[in-house]
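When the chains are written out, they are named A, B, C, D, E and F in that same order, and each has its own residue count from 1.
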Amino acid sequence: MEISARNSLKATVKKVVAGSVNSEVTLELAPGIEVVAIITKSSADKLGLAEGKQAYAVIKASDVLIAVD
Amino acid sequence: MEISARNSLKATVKKVVAGSVNSEVTLELAPGIEVVAIITKSSADKLGLAEGKQAYAVIKASDVLIAVD
Amino acid sequence: MEISARNSLKATVKKVVAGSVNSEVTLELAPGIEVVAIITKSSADKLGLAEGKQAYAVIKASDVLIAVD
Amino acid sequence: MEISARNSLKATVKKVVAGSVNSEVTLELAPGIEVVAIITKSSADKLGLAEGKQAYAVIKASDVLIAVD
Amino acid sequence: MEISARNSLKATVKKVVAGSVNSEVTLELAPGIEVVAIITKSSADKLGLAEGKQAYAVIKASDVLIAVD
Amino acid sequence: MEISARNSLKATVKKVVAGSVNSEVTLELAPGIEVVAIITKSSADKLGLAEGKQAYAVIKASDVLIAVD
């Protein structure tokens, strides 16, 4: 399956913290570069997300804000 | 200014392509790891975004989807 | 590729209107039930979207609002 | 009230699962075509959402991603 | 029509700038407090948005970020 | 830090209700004009949000819908 989101970043699952409805998943893009995702617990389970698993962080270009110091 | 978004990733602006209303900005998080953002042209101008400038990719955790092969 | 979004609705592309940066894609879920998506023109091209092609409308559960009369 | 979102799909509420803060609402657009929404519990209550009620799934065109096999 | 978004702020349309696909609409919530919305041109037309018209800025609670100095 | 979101509205924190994962924060833009934000509890803590604190409601222009009666 290919998707229309502009950003599909290769990553490794570093941590999964399951809440009652949502899970917080930390993805490592490269040493020291991490992205946190909040997805439904049922999706995290369905995808079999667990520490060490290969995954992609999928982000729409219009959902990325830019900040400068 | 500090912001509530969970992800604030240090980056370097690699490319800015200005459209009529929006600009497409490519940010490099690390060699080979890029994130594309679409923001309004007026915001890109106001922030002075140009190749080589330091910036942050700001992304809400709930805007990150996860995919697996 | 499997994705964490809760909604992945089977559809047929009904119309693609290309703008300069974005394309407006009309997807038919069933006779008379249509969903309009705005994605970047480059994504529409990369996915080869054209009338009659099978595709999926992928929507995060938290992006669906509910209204009542 | 009329709204600027491009997609306003007629539906029937099929299931409401209330969490502590959010509720997960399953809407049926047509037999076999369902959309899941996560909205705040207080909104679900205010709208009186319950199985069998007529409602609309309101989705912005820019929140719809497209995937192909 | 009632909607599940938590924020529905009464406003007056102050300015509408039409692009080719999108329109930028400035809403005044109170003297000196303005919110800018980007919606599709077709939606702006359908709603008859024009300077002086009463309208509501509808914003999901999860789309509001908070910043502090 | 300056950010690309078009709307950055000066506000005062009126109420913070902490859930297990998320916090619901009510911001007052002016007497009688309030915006509710749902952010992660960890972000609310990190920013030190509490009743009376000055803050900004940061909202992307493309996340604002418009409704009319």
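Just so we're on the same page, contacts are C-beta pairs under 8 Å (C-beta built on N, C-alpha and C of every residue); 3 or more make two chains touch, one makes a residue touch a chain.
A quick note: this is a predicted structure, and the numbers were derived from the prediction, not measured.
> Counting C-beta pairs in contact, which chain pair has more, A-B or C-E?
A-B
> Comparing each of E-F, A-F or D-E with A-D, which pair has over half of its contact pairs in common by residue number?
Checking each pair in E-F, A-F or D-E, only one repeats A-D, namely A-F.
> Could you give the separation in Å between the centres of chain B and chain C, each centre being the mean of its C-alpha atoms?
Centre separation, chain B to chain C: 24 Å.
> Centroid of chain C to centroid of chain D, CA atoms only: how many Å?
Using C-alpha averages as centres, the distance is 17 Å.
> Distance between chain A and chain C based on Cα centroids, please, to the nearest Å.
Here the centre of chain C sits 22 Å away from the centre of chain A.
> Could you check chain B for residues that touch two or more other chains and list them?
Chain B, residues with two or more chain partners: 1-6, 20, 24, 37-40, 43-44, 47, 56, 58, 60-62, 65-69.
> Which residues of chain B touch chain F in the complex?
1-6, 37, 39-40, 42-44, 46-47, 56, 58, 61
> Could you list, by residue number, the parts of chain B that touch chain C in their complex?
Residues of chain B touching chain C: 19-20, 22, 24, 38, 62, 65-69.
> Quick one: which bits of chain F touch chain E in the complex? Just the residue numbers, please.
1, 3, 5-9, 24-25, 27, 29-30, 33, 35-39, 43-44, 47-49, 53-69
> For a test of understanding, state which residues of chain B touch chain E in their complex under the given definition.
1-5, 20-21, 40, 60, 62
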